[in-house]
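Going in written order, the chains are labelled A, B, C, D and E, and every chain counts its residues from 1.
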């Protein structure tokens, strides 16, 4: 029962904050709601026993991505000052299509619900297993992620880095 | 009333669709990126929840989620960089004004 | 002789590091960087060529098989040719050439992993590595508004499609509890088609479709091709698409083999839409890069036609076509590069009278376009024949007719280009143009290749069909 | 191969060789052309005589062939058949050709196309000889078409004259209409009987293997060809126009030989026609009608050649009538005599035209004194065609009348008699208007040169005496020669003889009264006839009717089809093209360049796919 | 290994293409000589083939068969039977005459001859290929160069016409492609070799479905109604040699395809569908000739006459018996040469008077007697005059067709009347009557100031006329030759 309360509470909070992220007019506020949503997701991870992931979620997402987003929002302030940041043109079709998609996914999920096991097996902290996995079977993606991040950095630098000649 | 995997999956689906909605309706390019983060988080909720219900301790699901976070971060960084560069040149952050190319 | 399955990936990483180091040490010495790059890619090609074999590592998550072998050869060839046309034609500051070359290699590396992995996580990371590098490449010409806009559009739609793919994969994980393709295949055939797996097929299909420029995931293609530096467009159009198709083969034809009833009709429909939309919208285009973008959308449609054919036959047809398509599209883009370098224009109307001005360049373009249209004796003809044969084997008469009629539609706008080059008189006095040596070399290589695959494709075909027979036995 | 056959094969080949030689040198050495042509036809004439002699001595069919086309079960040979009928035709054709060619030396002298003219004549001789020698339908058809071609070429010989060019085309096209039926007839026959050879087909049909209806169908279809070629109503319209050609051509082709091909064809296939009484009745009726119809028109014409043309049509109708009422030999006999006197008439007319430079008989007059040879020979011919004892036409016409009488079709007989009267009248009118009376003051007419008058004289003798070979008084040799087994060869029927002679004489006298003695002025007669004259003058308005049909129906149809093709059939094609462009443009406009719309497309795709899967 | 006669035959023009590629454009005469040499040599080979083909043995001769694409069951497989021999001969004649007729091409001669000879290579190839993949390959090669040939050297609305023609024909080939693939898989033999495919037993339903696909595909190129509208526009815009080659040879290629693939391989489908084809061919013949009557442009007239004459070929094909098939093939040959002459002549007239409108000129015979003579002869061939090639061909078709479809054939024979009408009308207007030449621009008419055919033109015309006469005067060697090839087909169709 407590599980249920916790799930509905966190789930509700998540959806509300997520809804605010996509609807609130001020982009800066949206970023803050995003941080909240991501945090709630981390909490959900905790309830699911994924502690390591929860930590990563907070560190990487909130600590890096959202901060960076807010940073960029501040840098582009001159324009973002304008309050209306939602595009009216697409609201109705977007709402329609999202709702439709949601319904269809829900249909599929509910159809399959009977076969899903009722209660989860006993939890064990997977952190150690994750570590072993990263250096074992999944060492290749683990190594590749560094290339991924590296190229992301190289590209970002190449794109935003200022050319001296240009400034002169 | 027990919380089953399906509950989490429904939650994930709802988040996914909210993210999609945001990606379409957000005018600000940064907003679009943020909405897409919601999509990735929806995926991760699915993965982590499914991992919880796996008999093998759900290692793969959690690992998957981990890599998703990394990839999402990389994409966001690059996306923000490009937005910043566009802003510098054209003082534009609204995605619907980035339509020099069309038709 | 057979090398370890990871040797190419290691070599590529090494080359990437070398390029970065040279970049730093040589203070962005453009020539040196490209020298390293080209020598390196030749070596990579040798490695790729000799790493044919059958091996699995990391608990079966990573394989080297025929499919990955062919795909990697295409990737390396593509990367090499793109590098060659980039070195003289890139309009970015010299100091970013190092980053550019490194990103090319990172993208290639990601795709190599993508085509070799038999496990969702590895697959995904490979995919993201290539995608992110490509986003960066598309936007790298940062003094060009179009390039930046291409980058952000590419990234947003790419991220969205990643989201779709991931969502599909997460459902796969939910229903099968595994990420290994072999295990998924087993689980799918044991469990049959439940609602969850069925739904996941849709998501996966769309997620895969992004790389292929499949309708409705084609939306980014014209803008990115137009805005990105032309060599990057070439790279995206051939290498990324090829890797995407191999990826699709692994996921759909292999892992989801028993869900064929679900994805095959969807794919057939997508094929029709892709061809038709691509061709129809190509007709009114005025910008040659945009034209090639729409043409490459339609090309994806043709490949999808082969895709719906029986697995073994279809896979070999797809692989063969990808090989042809790589050479052909690189040739086409090389002409565009040569032209825009000389004239600074990508507008089709400026191609008027090219045949009088630069007969050989025009001729190379003709061969490329006609190969795309599937005219013999060029590679595109054999390739398309092969693809349509695959669909026909499954009894898709209607699809073959639609596809063949679509080729006629495509011929229309290719001929419009021909018309400009050969029939229309030039608006300006026809001054001969200077084409850089590397571009000329690439044109020669690709044109020879197009003819070779059109006239004597036998050996290549034999190898490919052996490979697919092994990967898709008794199917 | 018997020598006779060899000779028969050579007969058409001589003119063919002459043609090749003549056409080759026609532009540079036109005299050589003429020489070659005359030499060729002369040799052919001699050989023909020899062949005829052989047939007279020992009648009997001789055949020879070589394979020409083989397709499946069809084997077509080029084969010749020498028998009394063909050997007679050979002589007629070669003789007339020879005379006309000699005559042409004078008539065509100085013409720019002198050489060309002779080469065409040689080609014609070849074709016509092939036609009569053929032993199968295909070769017959080939000769048939080739003479048509020669006719076309020769009518249009003075091609720079628009009327000539137009008449040539008209001749060919009208003939084609008949040939259409002819060809269909051959097709039907070949399918039903499985053969294309006369002999086999005739045996097959005469053997009663086909239903009567089928035989009638075949016979009538074949007869269509004859209608066209022999100028029978309603396809007679080309023949008067054909007079635009040089007069020797009119003499040779459009009176004596080619136009008789239809008659010859019916005679040649008489075994088939005889099997169908219905077909014979049609032939007889049409022949009789044409005879009187053309004679009526001839009454009101003023152009000397046109009068003769209508008389030719009328006489051909006579021959058809003969064949239709069972007078096979009579028809052929008349063909023979007609060849002589009609050639003579035309050559005489040519001589006149050559002299006065006009065709209008009212502009002539009094030529008898200026051109005595022409006038006398012409007069003999007039007597012959009118059927006055004892010149040739009398005997042959009498045979026909007898056959008609004997057939029991009284109405045909009466029509034939009326025609006799009319013929006498219009021929006499022609002669008296042109040759009698006072010469025109401005005319400088003089007698033609010897090369022209000699043929006239020879023909005059023939026209006068040729009838004797078929005269009942002298044993009717020609009839026996042609139809040895025919039961009825009419003897001397005094009643018929008297009736026809009387009518002919009355006709001539009536004309003399009007045109010779001017007891009644021609003008008065004309006015008295009133509307009848107008109708006759305009040839019953047949040409006008055809023109209206062609203009109103045919051209409207073709224009309609052309429009349909351009705008409907091709319109669909262009529409597909336009629709593709339009579709591309519509989709293109949907590509807004805004990334949100792109995302929307993607998500709609997702929703649609899910919907498809789950519904 | 024996001398690869057939490969050499199409190899010669191909070789010429490569040679010309390296000849500088300003040396136009050299280019023309190379082209002429290659085409004349190919013609020589074709003539030699005509005599060397063993009629007693029949069947495929001079076969070359080399494995090519094992995976798809594709061999390099060329050979010639009686029909091929005829059509190769036709191609050789037309291309040689075509090169001669193009002697006055001065605008971009290099590209012109390269494209012309490429086209020729393809056509030769089609007429000898006995692997359907190879066949299709050559088929497409022979269609495409047409685009530039018309687009660059054409007249009038050339770009529209070129595009329409190319796309239309390619659409036909799209159907062919689908059909060929269907055959390949339905046969279950895993081969595209014609002889292997012809041994397969196809399901009756399959035959009925695929026959129309293949037949319409090929029929488009043979101007089967209602898929013919590319032809008038295309022909009227094309330069002389291209019209000659296209109407003379390429349209035959469609008819040949109809005979080779759907009719021979799918006899069941043929028996089911050919009556409908007979119906369409009536429309072709009558509608084509009636449309020709309404035209004013010489090339349109000839083009519609081609539509009409191809209808006769189609009628022959549809009749399913040996007589008609024989006639159909002979008609292909005859019409090929004849229409080549027609277009050649029209081109020569246009080259002199600069108008192709019938009502803008007249009385040309006085100035150009040789052209007039050839024109008349050609016209007579077209209206089926005996002694010229059209006659035996049409006669055989009608004789055969009448057995199968009496009523249809009767209607078709009316075509000979209409043909006579429009042909002679053109002759009359163009060559006879008063000499004049109207300049559309100034609305004035002048006398004609040009001469007769020159020696090169006469050579081209005579070459073609030679074959018209040969077939017309003595068709036996030709029909015997064709018979060896069509008899087995007729037997397969079980026709009468």
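Throughout what follows, contacts are C-beta pairs under 8 Å (C-beta built on N, C-alpha and C of every residue); 3 or more make two chains touch, one makes a residue touch a chain.
Since the structure is predicted, the reported quantities are computational estimates derived from the model, not experimental observations.
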Joint neighbours of chain B and chain A, given as chain labels: C, D
Any chain that touches chain E and chain C: D
Farthest chain (mean CA position) relative to chain A: D
Per-chain Cα centre nearest the global Cα centre, belonging to chain: E
Per Cα centroids, the chain farthest from chain C: D
Between the pairs A-D and A-C, the one where more C-beta pairs touch: A-C
Whole-Å gap between the CA centroids of chain B and chain E: 64
Centre-to-centre distance between chain D and chain C (centres being mean Cα positions), rounded to whole Å: 77
Intercentroid distance (Cα basis), chain E paired with chain D, Å: 37
Chain B-chain C separation of Cα centroids, rounded to whole Å: 26
Per-residue multi-chain contacts in chain B, two or more chains: 5, 9, 16, 19-20, 23-27, 29, 32-33, 44, 49, 51, 54-55, 63, 67, 71-72, 74-75, 78, 82-83, 85, 95-96, 98-103
Per-residue multi-chain contacts in chain C, two or more chains: 121, 124-125, 128, 132, 135-136, 139, 142-143, 148, 151-153, 156, 160, 195, 198-199, 222-223, 284, 412
Chain A: positions in contact with at least two other chains: 87, 89-90, 93-94, 97-98, 101, 104-105, 107-109, 112, 138, 141, 145, 148, 152, 155-156, 159-160
All touching chain pairs, where touch follows the definition stated at the start: A-B, A-C, A-D, B-C, B-D, C-D, C-E, D-E
Of all residues in chain D, those that touch chain A in their complex: 596-597, 600, 603-604, 606-607, 610-611, 614
Parts of chain C lying in touch with chain E, wherever the complex brings them together: 316, 355, 370, 375-377, 381-382, 385-386, 388-389, 392-393, 395, 397, 400-401, 404-405, 407-408, 411-412, 415, 418-419, 422-423, 457-458, 461-462, 464-465
Partner chain B, residues of chain A touching it in the complex: 1, 3-4, 7, 11, 14-15, 18-19, 21-23, 27, 30-31, 34, 37-38, 41, 44-45, 48-50, 52-53, 56-57, 60-61, 64-65, 68-69, 72-73, 75-76, 78-80, 84-87, 89-91, 93-95, 97-99, 101-102, 105-106, 109-110, 112-113, 116-121, 123-124, 126, 129-130, 133-134, 138, 141, 145, 148-149, 152-153, 155-156, 159-160
Parts of chain D lying in touch with chain B, wherever the complex brings them together: 588-589, 591-596, 599-600, 603
Interface residues, chain A side, partner chain D - complex: 87, 89-90, 93-94, 97-98, 100-101, 104-105, 107-108
